[in-house]
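Pasting the structures here.
Shared between the two complexes below is subunit A, which has subunit B as its partner in the first and subunit C in the second.
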Partner chain A sequence: MSNDPKSIIEELSDHYQISEIKEQKADLLLLKIPKEDAVQFIRELRDGQNYTHLAFMTVIDYIESGIFTLTYMLHNYAAHHNIAVHVDIDREQTEMESIHELWVHAATYQRELREMYGIRFPGSPRLDDDFCLEGWDEIPPMRREFDTVSYSRERFFDREGRITTDPREHMKQIMYPIHTDND
Partner chain B sequence: MIYAKRRKRMSTQEHNAPIDLESGKYVKIWQGPQHPGITGNMALELVLNGDEVVDCKTHVGYLHRGFEKLMERRTFIQNFPIVCRIAVPEPTFNEYLYAAAVEELAGIESPQRAQWLRTLNLELMRLASYLMWLGGIGASFGQATIYQWTVTHRDYVLDLFEEMTGARVYHMYIVPGGVRAGLPEGFEDRARAVLDGVERLLNEIEKVLFKNVVFKARAKGLGIISKEMVDPYGIVGPNARAAGFTRDLRRDEPYLVYDQLDFDVVTGTESDAYARAKVRHQEMREGIRMMRQILEQMPTDGPFQAKMPNVLHWEVPAGETYVKAECTRGEYGYYLVTDGSQYLRRVHVRGPSYTHAIAVMEKLAVGTNIADIAGLMVSLHTYPPEIER
Partner chain C sequence: MTTKDQSLGPLANDGLSPEERDLFSDARPVPYQPYPIEVVEKFVNWVRANSLFMLAFGTGCGAVELNPLMTARYDAYRFGFQPRPTPRQASVFMIGGYASVKTLKRIIRSYEQMQGPKFVVALGICPVNGGMYWDSYNTVNQFDLYIPVDLYITGCMPRPEVLLAGVLELKKKIKEGRADGHNRYIENLDWYKANQKRIIKNWDMPDYSW
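Moving on to the complex of A and B:
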């Protein structure tokens, strides 16, 4: 078993369709793997290559492409190295195989992703239990189409006499005014 | 010894049988969200058989403010005063990690003096946070006086923060490109005096808490984390070190100026609440040792802030990174994804409490006496805000 991440990926490339490989820095490698191979690939990294620590899992919403990109951040304690495994899933068919059997705390991440993005992980323990939100019946709030400002304006009123300025406009006009030749 | 024996007897009870709440054998109680035995605002849904916990579920959400969503809608500089509010007792780690991630993606290098000032700031934060925790572990085992002592000394550390940054709790000191200010005149001597005071306090606590027969009887054997649990549950920091793992990001993957400091990674063997407390107590001494070295070695002049672009026209190239640091609870990390616009595409904050307070707590609570639940939870050192973000 090699500890060199590039050799590991080369070795695994014979069995898996790995793409978009990028060495972000000496201790972080990014790569993408097809959805259907993802869990087996992650299992291989954990059991065969010593990436035994799941630092976190999360999702990036690419609403314009209709894709959710799941990120599994794995760590090898011996090599002091991280691999970020990316998996694209369809934004309209948000289902992904669960990894709760690989790491116990993955179930909590999956519960959160179900609540915040609407992604389902069949078989994951307590998946439908509320995580942070209670009785939420809107679209999952971390999806990019969920507009927090509109949601707040529909439900809450501004306090009378309160003036709100856009911070960016305020900075432009007051703190960093741009002077032209005509000034 | 009597307590330890009783715990052993209880832990051998059969917990696999389904729990029928209608049977009259069980009582369900909620510890939290407002409870002196709860760290921050979270709730434990406990099912008891007599005074023994047979089931535990952690409930969070009381502190959810949607930080990650907020940060996607604000410019890079607008996010800087937000991040410190994610973990109240330890805001500095958020400041540093956000700044480090943005610097990496934007190709900014902070000056050497800023690296030393950041390290000092982080270690002071560790000390302040541990002081609060040390009071908590004393109070949760019936020694509330210790809390008064440690919070007093934490206030002296906050005085130093006020001098250094202008603020006591949310410092907003570490910014992309460096730090906001150097040290005021005479700070080093005042800092050494505070460190001396804390060291004397730690000697007192060694005698009063760690040699106390009641604390020993209750904390030894409580909430044992086996070595086999550590990786499958994602356990990090002092909780893993007390189980014998010599893992510390400051030594294993040094950042800032940690590679220029001499310190030991403290470990334990017993992996119970007592061992975790001992590890943290000893880590406070190591932190003091490090800060004395920093005060001795750090440069006293030179820039503390890199030249930065106009914040209104600041574009960070598309990219992705994960930066991490060793906070008091272990690996704390920021995962940033940028798309070349003025806004973040995604930020994810990784806090150790995510697993320590949920998966680990839910497992360790089973078989524990209800009276020891608060002590168990404090021994895991959990912060609900970093779970909910």
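Moving on to the complex of A and C:
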């Protein structure tokens, strides 16, 4: 077994359709994998290549392209190296295979993603329990089509008298009046 | 805000299931009655102001500024101000910055369990008008719609010196008999409850946590 990430990827490329490989930093490699192979690929990295730690799991909302990009950040303790596995899923058919059998704590991430983005992970324990939001009755709040300003106005009532100033202009006027005179 | 009379009967406890309803009291809280002799009431207020017990429940990010108060450098004990671990032993509730809806639920339960007369101090700009989180889906913008606030300390975050100034201001208010949030809450309980239930959608607790 080799510790060099590039040779790992070359080795796995024979079996998996890996795309968009990018070496972001010396200790971070990004790659993309199709949805169908993703869990098997992550299992291979964990069991075969010593990427034993799931550092975090999150999602990026590309509303323009109509996709969610799931990100699994895996860490190799021996090599001090990270691999970020990106998986594109459809924004409307938000269902993804669960990885709670690989790492127990992934279930908590999946609960959060279900609540904040509405992504389903069938079989994940306590998936539908409330996590941060209790009694939420709108579309999931972190989806980009959710209008948080109007929701806040309608639900939490702005207090009258709140003013907003442009920080740059405010600093010019209040803190450095001499400079504004010379402008 | 309209003052409701106290002849409204017991609390409904609608959020509880019928089995649970037997386990919780449905009695309405009673406002604090001052001592009939004014001098005695003034003396009692003086005693209260010099023995403030803070509920150590860090409700938001501002709670990190409360910890230095108890260190040798700031030493809030010299003002008769100290933290207690449970609501039943406390008389001052420090709201530590922003409150989300989930935290607000816990704040209400803790506040109602405190023994009266009790005082609420809200620190930071967030309880006043939402602060930098004013447009968040989860931050309460006007805190005094839900809990009676006796004193606001603004800032993001207020430094420990400002908190000490706030404690002194609270003591002044108590001594003058102006810190009446406890009675305001009880006298307008229905108004506060209606506001609370408007944003807490899954109300699964008793209407008043005795």
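Everything that follows uses one rule, which is that the second predicted complex is superposed on the first by the 163 of 183 C-alpha atoms of A that agree within 3 Å, B and C clash if a C-alpha of one lies under 4 Å from a C-alpha of the other, contacts with A are read in each partner's own complex, and residues count from 1 in each chain.
By our rule, a contact is a pair of C-beta atoms (placed from the backbone, for glycine too) under 8 Å apart; a residue touches a chain by one contact, two chains touch by 3 or more.
Just so it is clear, the model here is predicted, and its values are computed rather than measured.
Q: May I ask you to decide whether A:E10 touches subunit B, subunit C, both, or neither, giving the answer as first, second, both or neither?
A: neither
Q: Return first, second, both or neither, reflecting whether A:W136 touches subunit B, subunit C, both chains, or no partner chain.
A: second
Q: Check whether A:D27 is in contact with subunit B, with subunit C, with both or with neither, and answer first, second, both or neither.
A: In the superposition, A:D27 contacts subunit B only.
Q: Look at A:D90 in the shared chain and tell me whether it touches subunit B only, subunit C only, both, or neither; answer first, second, both or neither.
A: A:D90: touches no partner chain.
Q: With both complexes overlaid on chain A, does A:E36 touch subunit B (first), subunit C (second), both or neither?
A: Neither partner.
Q: Applying the document's definition of touch, where does A:D47 land relative to subunit B and subunit C: first, second, both, or neither?
A: A:D47 contacts neither subunit B nor subunit C.
Q: Is A:D158 in contact with subunit B, with subunit C, with both, or with neither (first, second, both, neither)?
A: second
Q: I want to verify the contact counts: of subunit B and subunit C, which reaches more residues of subunit A?
A: B
Q: Going by the contact rule set out at the top, does A:T148 touch subunit B (first), subunit C (second), both, or neither?
A: Both: A:T148 reaches subunit B and subunit C.
Q: Does any part of subunit A touch subunit B in one structure and subunit C in the other, and if so which residues?
A: In the superposed arrangement, which is not itself an observed complex, subunit A uses residues 130, 132-134, 141, 148 for both subunit B and subunit C.
Q: For the complex, which residues does subunit C have touching subunit A?
A: It comes out as residues 100-102, 105, 128-130, 134-142, 145, 199-202.
Q: Which bits of subunit B are touching subunit A when the two form their complex?
A: Per the stated touch rule, the residues are 60-61, 64, 66, 68-70, 72-73, 75, 78, 104, 231-234, 236, 247, 252-253, 310-312, 319-322, 324, 331, 333, 335, 337, 345-346, 348, 350, 354-355, 358-360, 363, 388.
Q: Where on subunit A does subunit C make contact in their complex?
A: Touching subunit C from subunit A are residues 130, 132-137, 141, 146, 148-149, 151-152, 155-159, 161-162.
Q: Where on subunit A does subunit B make contact in their complex?
A: For subunit A paired with subunit B, touching residues are 24-25, 27-28, 30, 52-56, 58-61, 71, 73, 77, 80, 82, 84, 103-105, 107-109, 130-134, 141-142, 144, 148, 167-168, 171-172, 176.
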